[in-house]
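The next block holds one structure in the form of structure tokens; read it before the comments.
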Amino acid sequence: MKNILLKILQCMLKIVNQKRFILTFSVLVSVIILSLAIYLFMDYWFFLEVFIGGLLSGVMYSLVALGFVLIFKASGVFNFAQGAMVLFAALTFVRLIEMGVPMLGAATLTMLVMVILAIAIERIVLRPLVNQDLIILFMATIGLNYFIEGMAQLVWDSNVHVLDLGIDEYAAYEIGEAFVNKFDVLAALIAGGLVLLLALFFRYTVIGRALRAVADDHQAALSVGIPLRTIWIYVWSAAGLVALVAGMVWGSKLGVQFAIATVALKAIPVLIIGGFTSVPGAIIGGLIVGCGEKLAEVYLGGFVGGAIENWFPYMLAMIVLMIRPEGLFGEKIIERV
Amino acid sequence: MNNVVKNIKSNLIMSINHVNLSFGGLKALVDVSLNIYEKQILAIIGPNGAGKSCMLNIISGIYTPQEGNVEWKGEKRGKIAPHDIAKMGIARTFQNIALFRGMSALDNILTGRNLLMKRGLLAEVFYAGWAKEQEIIHRKKVEEIIDFLEIQSVRKTPVSRLPYGIQKRVELGRALAAEPELLLLDEPMAGMNVEEKEDMCRFVLDVNEQFGTTIVLIEHDMGVVMDISDRVAVLDYGRKIADGLPKDVRADKKVIDAYLGVG
Amino acid sequence: MFYREAGQFKTSYEADQSILPIFQDRIAMYIMLMFAFIVFPFIANDYWLGSILIPFLVLSLAALGLNVLTGYAGQISLGSAAFMAVGAFAAFNLHVRIPEIPFLVVFLWGGLCSAAVGMIFGLPSLRIKGFYLAVATLAAQFFIEWLFTHFDWFTNYSTSGVITAPPMHIFGFAIDNPLSKYFVVLTIVVLCAFGIRNLARSEIGRAWMAVRDMDIAAEAIGINLMKTKLLAFGVSSFLCGLAGALWAYAVLGTVEPQAFDIIRSFEILFMIIIGGLGSVSGAFLGAGFIVLLPILLNNLGSLVTGGAISTETIAHIEYMIFGAFIVFFLIVEPNGLARLWQIGKEKLRLWPFPY
Amino acid sequence: MLRNLEILDTFPKILRDNSKIFAKKAAIREKEFGIWQTLSWKEFYYNAQLLSAGFKSNGIGRGDKVAIIGDNRPKLYLSIAAAQLIGAVPVPCYQDSVADEILYILDHAEVKLVIAENQEQVDKILEVIDRLPKVKLIMYDDQRGLENYKNSKLLPLNKILEGSSEKNISWIDEEIDKTLKDDLAIMLYTSGTTGRPKGVLLTYNNLISVTGKACEIENFTSDDEVVAYLPMAWVGDNTFCVCQSYISGFCVNCPESRDTLSIDLREIGPTYYFAPPRVWEAMLTQLMVRMQDADRVKLWIFNYFMNVSKKWGSLILDKKQVPIWSRLLYGLGNILVYGPLKNNLGLTRVRTAYTAGEAMGPDTFLFYRSLGINLKSLYGQTEASVFVTLQQDGDVDPETVGPAFPGVELKILDGEVLYKSSGVFKGYYKNEEATKETIDSDGWVSTGDAGVINSKGHLKIIDRAKDVGKLNSGAIFAPKYIENKLKFHGIIKEAVAFGDNKDFVTCFINIDLEAVGSWAERNNVAYSGYIDLAAQEAVYKLIEKSIAVVNRDLSKDIDLSSSQIKRFLILHKELDADDGELTRTNKVRRGAISERYGELIDALYNNAQTCHIKTQVVFEDGKKGDISANIKIKDMKTFSSEEKAA
């Protein structure tokens, strides 16, 4: 009886000792304190509204960020083209629908296209550049980004397309005096679902495990006979799927247009903050960025002429970088002498 | 020829006192003390993972020991930036060649002299006045080193195109260019054929004799070490198990065991 | 094939370390300069000068700037355009506030401000590398863009964010027509190019390359990473700033943040990737490529389809081609056109021998 | 080059004059520390004076011998000048000769002072110093490694150059005036193909009269450039890099080191270039080997224009009439191939190029001429201050060595070539009877070479007179002639023919490792080293082809057709001077070889198919060791007159 208690105590200690735990914990605490302050000194319903709104849009950042994380984990490549993929997926999807393809069919077709794209990328770009400097690969994906953007708009067109998923975008739940956008909630749910799906996928499928192995150590993975190439195709396809979902969500929110490609850039600070190598990191990061920028916009923007949400996340990211380059949840970057 | 020790009592240039170094759990160095005497060649040997490189990294300030201290010319040395160490007069080469691959042999060695050069943006932009003069003055010095290491024929070749043995030489040249008092060589003869090894030995000895440079080197090849060094220190599992004249060390029971243990 | 190096021996280090040690290369350089300064002004019409040569030169300057940072010092940046903006706005503000100040000083000021800003945003480079750093520079990009759009002080409280750059005067000459602008820009660019070439062959240049190639070793031989990297950021952004000022004054004639958005930053990055990292000539080759390709495509497009094909489509094709080229060069020849040029030259020197 | 050599009749005088008329011009350059460090004539003269002052103060005076051992270095050339300034006699020695060879010369020449280039040379001398009581002092150029040598006789040259000063050199002027045209200028030891080397005494008059004439003919100016890379002990180097440089004031360039020679040659781009046939041949072989890996197009262009030049090149060089289109074609070829080629070889600026010492393959010879390089062969001897005959511009026949050099009389006395000239040496040092044997009462010098003078008065050398023998059939047998014909094939490096007092001709072959090696690679024949390669059947086949060609050639010549090669073998080792098989100038030492390889020769004549041999060799580091091998012997078919008609 006694020693069971002891064990529990030890476990507690272990958890508390973990650095990342402390970090998240402190973040949460500060958030709580902040909210308390707000509760006491200002219109906290409004704050809550902003906060939740932030969280929800944050979820969508996480969604895009997820795509980055997948690829980064498996191949160490920071895929700058993720945004372009979102655009491409969204466009394909919406155009198919416009052609009268039922939503599900359109989705599957688009998914198919994304898989083909993934294979093509692996063949044409990644394979020749294997074990090059990461920075080279990074720049390659910038090129890729341009290519896909160009292609997307060439194949389809560059007009704004309305994507209607049959949700009323203005309906809102009331929580006390705060209004929470239904659509955002739904989007959040979708995102959450996807994250869960991927998490399960990672944990319980052969490929998932292989992926994790590759993420840990390429050479080792190769030596135990994990086919790196197929892995990459899988990963990029998965990223494609994420892109599709993100595209659908964003598309139906903003309308499918070139702009949503740039939304992807927001994912970068998200990753910096959350850490490039961790799925939960991507999510937390997304949330932090989401409400961070919203709150900043609302409470600071006024003083400096607004629209600070464009750069606020980056500044946040920079600060994180200075303090903790590997991000809140990322694995430590060790350099050998 | 060098086993005749040049007055062992020659004064102390650096002393490492009771140093402990560990990474996370594993102990790399345990209570190691080591004296480095002026104008001597000190070899640190030991089986793989004995902590040789860690020792060198401590001397060259890349690692700072958790316990113990390092005295440079009688003064305790705290945590210090590697580039300041170089300014103190400590130069080093690396185990796996760390040349600047984008540059020619000449430029690599010239870079070794950067710390002796003046910096002035404008003057260098216009390549005028002292900026040009210093380039020429230091080029002369570097050419002497090139001549010394007999690499005239590859002077302007990009180092990435040079054979391994020559690259090692260039790296030595780069370290020499700084005119160091203490020269650290991390396995200078690793992966060389007999002939290259002989050359390298000759150069190391010549450096020691002609420039009076103190040399600390890490080496696997027992034979080579015994021939060229004045003193040998043996590490095993992060502990110093022997330290003294080559002939004594060679005879030392513990050393023999350590080496037989590894084969 | 055309090289006759026998008998070109050096009796002094000065000669041996000169920028172009080979006689034939010097000749080639002189010919190029002659074309730039004498022939083009005569043969080129205002369209060519105004919308091809001048932009080409200014962008080359910007690319040169980025090449200092990325090519020589190995620090990647996605914020070049932002630094251009700083240069442009700094120059503009100094000019409108103190009109008496001579123009060269104005440009210089633009460069210097940009250099200062660049060094601030370079600070992270001391802790982070690779694309982590790229992200930091992205922050600069967005922040600065925002700064200039949202603070009217910078735009001198003009109602629209767009402001026309006041006319230039240098040594009392009005720099108003393309030709005169061309000469101004050309002179500045050529000077900068030689300046960088000089840096590259002296102590600073070596320090940069050392940091780029092997920072640990660089430190071990006494190179102060912080100073060296910051210097690289400074020089780089100085050139970008200068380019920005020129872009505003000599190319657009207006000072507007939109001209310096992230797209521009990428454009410049592409220039050095395609042109060649770590070489002065690379900056020019890359700029030439990026400037000329769209024009080529447009003409081709209208030629092939008789104008049926929309400029929009061409723009998209342009995107794709750029993207493709980036990937292509990164795979085939990471050192870009400049390297290809180098190889060609080597072959010529060895001709008829294969090696 | 119009200077009064009547008044300037000794090198010291000329040098002093140069220091005035060529004051600022470059006298000598050395690639050191990455650039060409230059001495102007003024500086050269000044330094020479300092040195000679140093010599003097160390007790070196008129008539004393000063040995000079090392690669071509300015300081060593300075020492020659310095010695001559004070009337001492420089005695250059071969830098690669082993200790006891040096011992002999230093002892025989009664050398008082030795100038050594570096540690290597110093070590050699110290090895034998105890047996050289006369040697007072050893001065060295390169300090490297000599810091803690404790020998009291050692002294660095720099010490003298830095030590002495302006003041104490004024007396040298009188010393210079004292030098007379008939004083000894230099003493050169000829590496005789047999016996001990003999010291050839040459006076200022000998050298100046002859080499001066040569300068006139080729009209050298003070703007010419030569590269000094041949042994200083060899009369050629002395003539080209000292005498002619003094007389016409051109600049002598010393390479940085042996392994940078080709680079340095290319940088300097000499206008006047001398090389013995083996160098030219090596150059050609290497060039062809490199060309092998070129892509098709290049190769085609190369071959095409090579044929063009073969056809027209030498004609154009000789200013003969050629059709205009071929001239244009050649011009194009010059841009595409010849120019770049010459540039890569560093021969772009060459105005005059010489070859001598051995016969040179007509193909090789013509190859260079067809590129537009004015390559001429000369026939010379140390005893004649080099020039005996010299081919003339516009009238070059590869088979001959050209007409008699101006001021030289030629005659053939029962097959042997004799000559008479102002360049004829004073005699062999301390060797009267040898001198008598060589110079007869009325001044004719016997060369020991067998030759004929053709209708145009051009001399054709066949062989060493004493080597010319008879087959049992009575037909004459000229081994060298045959050997050269063999060596003209790139794949054969050395050949030794036997046949004197035998029924038929046989020979040893040394394959050229580079040429045959690359052939092997191209035909993927695996080999581990020389010995292995030499024994390969395929290689034998290759050699047989060449020999067949030679035989066919010989068969065409009435009195040589019977000396076609019947049997041959490929030696298991390369003939080597260190093993005493070659002279220092790479001439075959027949005696030595036939005693070392007696059993092989016997095997060649008792129709054995293989023969086992064990030979002792000296390795690079001077260690001795044995190598043994079973050597295959092959029979060759020979051609009779009928066959060649068919």
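Per-chain residue numbering starts at 1, and chain names A, B, C and D are given in the order in which the chains are listed.
Just so we're on the same page, a residue touches a chain if its C-beta (ideal position, glycine included) is under 8 Å from a C-beta of that chain, and two chains touch if they have at least 3 such contacts.
Keep in mind that this is a model prediction, so the values were computed, not measured.
Enquirer: Report which interface contains more C-beta contacts, comparing C-D against A-C.
Expert: Greater number of contacting C-beta pairs: A-C.
Enquirer: For chain A, which other chain has the most distant CA centre?
Expert: It is D.
Enquirer: Averaged over CA atoms, how far is the centre of chain A from the centre of chain D? Could you give it in whole Å?
Expert: Result: the chain centres lie 79 Å from each other.
Enquirer: Which whole number of Å gives the spacing of the CA centres of chain A and chain B?
Expert: Here the centre of chain B sits 48 Å away from the centre of chain A.
Enquirer: Between chain C and chain D, what is the gap in Å from one C-alpha centre to the other?
Expert: So the centre of chain C lies 57 Å away from the centre of chain D.
Enquirer: Where the CA atoms of chain A average out and where those of chain C average out, how many Å apart are those spots?
Expert: Going by mean C-alpha positions, chain A sits 34 Å from chain C.
Enquirer: Two-or-more-chain contact residues of chain D, please, as numbers and ranges.
Expert: Only 34 qualify.
Enquirer: Show the residues in chain B shared as contacts by 2 or more other chains, in ascending order.
Expert: 62, 139-140
Enquirer: Give the residues of chain A that touch two or more other chains, as numbers and ranges in rising order.
Expert: 337
Enquirer: Where on chain B is chain D touching in the complex?
Expert: Spelled out, the residues of chain B in touch with chain D are 106, 139-140, 143-144, 146-148, 150, 152-153, 155, 206, 209-210.
Enquirer: Could you list, by residue number, the parts of chain A that touch chain C in their complex?
Expert: Going by the criterion above, the answer is residues 78, 124-125, 128-129, 132, 134-136, 138-140, 142-151, 153-154, 158, 265, 268-269, 272, 304-308, 310-311, 314-315, 317-318, 321-322, 325, 337.
Enquirer: In their complex, what parts of chain C are in touch with chain D?
Expert: Touching chain D from chain C are residues 1, 3-13, 15-16, 350-355.
Enquirer: Sort out for me which residues of chain B touch chain C in the complex.
Expert: For chain B paired with chain C, touching residues are 60, 62, 81-87, 91-92, 94, 98-103, 107, 110-112, 114-115, 117-119, 121, 124-127, 131-132, 134-136, 139-140, 174-175, 178.
Enquirer: Which residues of chain D touch chain B once you look at their complex with the stated criterion?
Expert: Per the stated touch rule, the residues are 32-34, 144-145, 147-148, 256-257, 259-260, 263.
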